[in-house]
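We just call them A, B, C and D in the order they show up, numbering each chain from 1.
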Amino acid sequence: MKKLINAPGSVVADALAGMAAAHPSLLVEGQVVRRSRPKEAGRVGLVSGGGSGHEPLHAGFVGYGMLDAACPGEIFTSPVPDQILAATEFAERGAGVLHIVKNYTGDVLNFELAAELREGGRVASVVVADDVAVKDSLYTAGRRGTGATLFVEKVAGALAEQGAPLDDVRRAAEEVGARSRSFGVALTSGTVPAAGRPTFDLPEDQVELGIGIHGEPGRSRRAHAPARELAEVAMDAVDGDLPLRGDLLVMVNGMGGTPLIELYVVFAEVAAYVRGKGARVARSLVGNYVTSLDMQGFSVSVCQVDERLTGLWDAPVETPGLRWGR
Amino acid sequence: MRAGFPAAWLAECARVVAAERERLTALDAAIGDADHGANLDRGFAEVRRALAAAPEADALVTAGTTLIRKVGGASGPLYGSLLRAMGAALGAQASPAEFAAAFTTGVEAVARLGRSAEGDKTMLDALWPAARALTDATGPQAPSGLPAPPGLSGSLEFPEISRLSAAEVFGRAATAARAGAAATVPMLARKGRASYLGERSVGHEDPGAASSALLVGALETVADEWGGG
Amino acid sequence: MKKLINAPGSVVADALAGMAAAHPSLLVEGQVVRRSRPKEAGRVGLVSGGGSGHEPLHAGFVGYGMLDAACPGEIFTSPVPDQILAATEFAERGAGVLHIVKNYTGDVLNFELAAELREGGRVASVVVADDVAVKDSLYTAGRRGTGATLFVEKVAGALAEQGAPLDDVRRAAEEVGARSRSFGVALTSGTVPAAGRPTFDLPEDQVELGIGIHGEPGRSRRAHAPARELAEVAMDAVDGDLPLRGDLLVMVNGMGGTPLIELYVVFAEVAAYVRGKGARVARSLVGNYVTSLDMQGFSVSVCQVDERLTGLWDAPVETPGLRWGR
Amino acid sequence: MRAGFPAAWLAECARVVAAERERLTALDAAIGDADHGANLDRGFAEVRRALAAAPEADALVTAGTTLIRKVGGASGPLYGSLLRAMGAALGAQASPAEFAAAFTTGVEAVARLGRSAEGDKTMLDALWPAARALTDATGPQAPSGLPAPPGLSGSLEFPEISRLSAAEVFGRAATAARAGAAATVPMLARKGRASYLGERSVGHEDPGAASSALLVGALETVADEWGGG
């Protein structure tokens, strides 16, 4: 597996240098990516982070209307408390900071440790766990946080920008998480640079169902099938967990190695499925947003939105990965 | 226990983790995200640097803090907490039983932080058996269920009193840890990334359990360093 | 090679259905993608098109500030004259229409035929030929049109939106083309759906230099190397043809299968190269913009900009693939 | 030439292009963009439909227009122009020499539109030799450089007058086209996508030359349909 890197050990640092060079709106310091212009004082700060390899998540969502800072860990490895702490300190503008955490043991633990270290600052936290492929249970690690993280960051970011207090921002973030579900399908494995070969082998005629965003194999394997069928499998899983109705925010997300033309093919099927259930695609996103290195495949994320959430989704955002309204 | 024993152990941990890095990553590739070997190798390299920079400091606490601060992922905080809690519980001098108790405190810290228990298919499935083996081998009942001679319980050192040498004690712990790691193969994961695989987690050894077996095995390797007093 | 498609024959139609479903700002009719709200009357219309498989180019650049309509052909096959004619008729708002054509025999011929069919309408045409991998000559097909097409569409689109006359828009488009150079490197071949297997074989330790955007092999092959070296090869080729100086618009573009994290690694090297030549990255773009199906690799495109061109680049744009300022 | 001959030829073209689709695409994969087989197959399937829908119309003009309107790419307009120009030049009835002249007119149209010439490594490298072979085999000098008997030049039909049967004439054209296509292998491409490869275009047969050889070969296959009048 060939990669455009200098060395496996320097991928994250090199990519962050590239981000800094490409986006004057960002500053990169000590593996923390932050806005070069801090947001207005008195607004809630937003910090997210997690392993690298999911670009543009999270660093690509730093900017007006979304995050104040992101702390990218090594590839697929959550950031460390120091990093999170530094990001949190930057994001503090006098109204407290919300940590947006994807539900993985490593992410949860490291953000918890960082929050503990942050004495004298108000830190709230929301854990995103939207992946319906994993059965939820008190006795397990629970569901993974995947595509809906983008929804949470966008909506909470808009609310924070409007000056809402920390509690409201946290509640909205939780609400978006609670209203969202995702399911992923892989055509190929990704390759972790340090590992140097694909994480799993997948025969030419098979696909993985219920994958996460760390190159891990899915819950099961099946024969490859037309986009229509694969979209149906994903949407059945989503709909079976949270029946589709009303207005939906729908994202068809590429896993990193799948070109846009294929994602649009999948989106056409997903949109048809939604219509078939009597629901409506109120807003949508098609592209590579929450990726898993160079894995080929897609995930679909759905959020049941109301007028307020749609308004927050539509609010201006200016980040490298998501931009509109300014 | 000699004062230098923890540092010797940690140096051996760094060596063995580097040597077994690929195997650990391969295990993680099967049921996780293919980074466990890289994570620990990076972490213990940092530990080595940190210990060299601050030779005076408590080696275990320094190492634990370093893992927490440098590794990330699940294993960073978990192994970091293990070593920190263990270091906090262990005096500069310690008897075998005190060492066993400190190790157990460390494992408890992992369980607390990870909200996990034996049988979840995690590092705890190697760490708990090792803790029990250490306790058994050094406690009043040691080595084999016979009552310990009065007055000869855990506050004294191996070479003089205990009926088991340091090598034997750590050997039992290492065997228990390896058996514990092997026992994760048929388990259904309830914690960590492997839990996302459901039934497909069955049939694979947990990478964290495998690395725990290496760390406990390192105790046996450096048993000579235990010293006499 | 697995793909997220329904059938090789329906990829383009299915993807266009997905685009239409995802973007209410677009209308798709008879394989022409056009704005759902035509631009103000009295403005120059912009039409581009070419084979599909380069998404988001061109259809993803239809909208305010860029194209009025795009006509996607089959995969890697230029559109047909009827399509181009329909797009041209839609784009006519009383001030003439500019055809932006990538320099491929098929594209040039079909746009020419369409322009001939368009009696009674003013049609101007600009041919983009920015790829320095191909030596320019009167006796050959000439250089390929690649990444700079995006630059041309953006700048010409901004000017058209401002009400400039057809001649000015064409001249600006030509100027951007003349000031731009590109060079591409592939790590893997892409797979044309109808062909079903990779267009060429590339050993695990080799890369192709001087590729275009149709999955074709490059001018030569070399050993795979760190990103720094590959970026240098590409930049040497660009700089050798049009020495880097002053303010530059720089795009590091993914070929479709390369994840963003790697493109940022390349961008860091490209930015360092530019600095090393005493030039300046005035504006930049990092992402998958002018792709070649699922090929892995990158291309770099550089345009020497002045204040006027930078202003036109910065002007508001609202398309699925490029958006800022509104 | 029977009035139905062009339609029969085009039907055979559609058949042979469909049969050889993969080979044409593979040739295009080597030095182009892996779509030549798909393009022509799609185009000739449309031609078949168009001819079925309008059996009265001039088959060649209809086919050419269809290729221009439906195929896209370089080959769509080029083959489309070939057939349209040929159709425009060919009466409903034609002598072999008239057929050869019309074919030549078509090839000229390709060269004009493509701004290309023999030796550029394109379809013209098969089409020009075929045009010359047709002209030679049907002209006053036919079949082999001997002066044609006075009064027996190209305005009369094969079966009665020409010393070569339709099968022989088209056989010569097909042979010439195939040789021309084969001769593209060592050429350095100057036109079409293969030109982007520079030196690496050498050693591969041009896909358009290969398809041209198929289309000319189709003439031989349907030579029986030429008819007598």
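We adopt the following convention: contacts are C-beta pairs under 8 Å (C-beta built on N, C-alpha and C of every residue); 3 or more make two chains touch, one makes a residue touch a chain.
Fair warning: this is a prediction, and the values are worked out from it, not measured in the lab.
If you take chain A and chain B together, no chain is in touch with both. If you average the CA atoms of chain B and of chain C, the two centres end up 56 Å from each other. Centroids of chain A and chain C (each the mean of its C-alpha atoms) stand 28 Å apart.
The distance from the centre of chain B to the centre of chain D, each centre being the mean of the chain's C-alpha atoms, comes to 78 Å. Residue positions of chain B touching 2 or more other chains: there are none.
Within chain C, not a single residue touches two or more of the remaining chains.
Chain contact topology: the protein chains form an open path, each linked only to its neighbours in the line. The full set of touching chain pairs reads A-B, A-C, C-D. Listing the residues of chain D that touch chain C in their complex gives 25-26, 29-35, 37-39, 42, 68-78, 113-114, 190-193, 195-198, 200.
On chain A, the positions that touch chain B within their shared complex are 51, 73-82, 104-106, 109-110, 113, 131, 133-135, 139-141, 144, 192, 194-195, 199-200, 212, 214-220.
Here chain C touches chain A in the complex through residues 1-7, 11-12, 14-19, 21-22, 52-53, 55-56, 60, 187-188, 204-205, 207, 224, 226-228, 230, 256-269, 271-272, 281, 284-286, 288, 291, 293-294, 296-298, 318, 320, 323-326, going by the rule given at the top.
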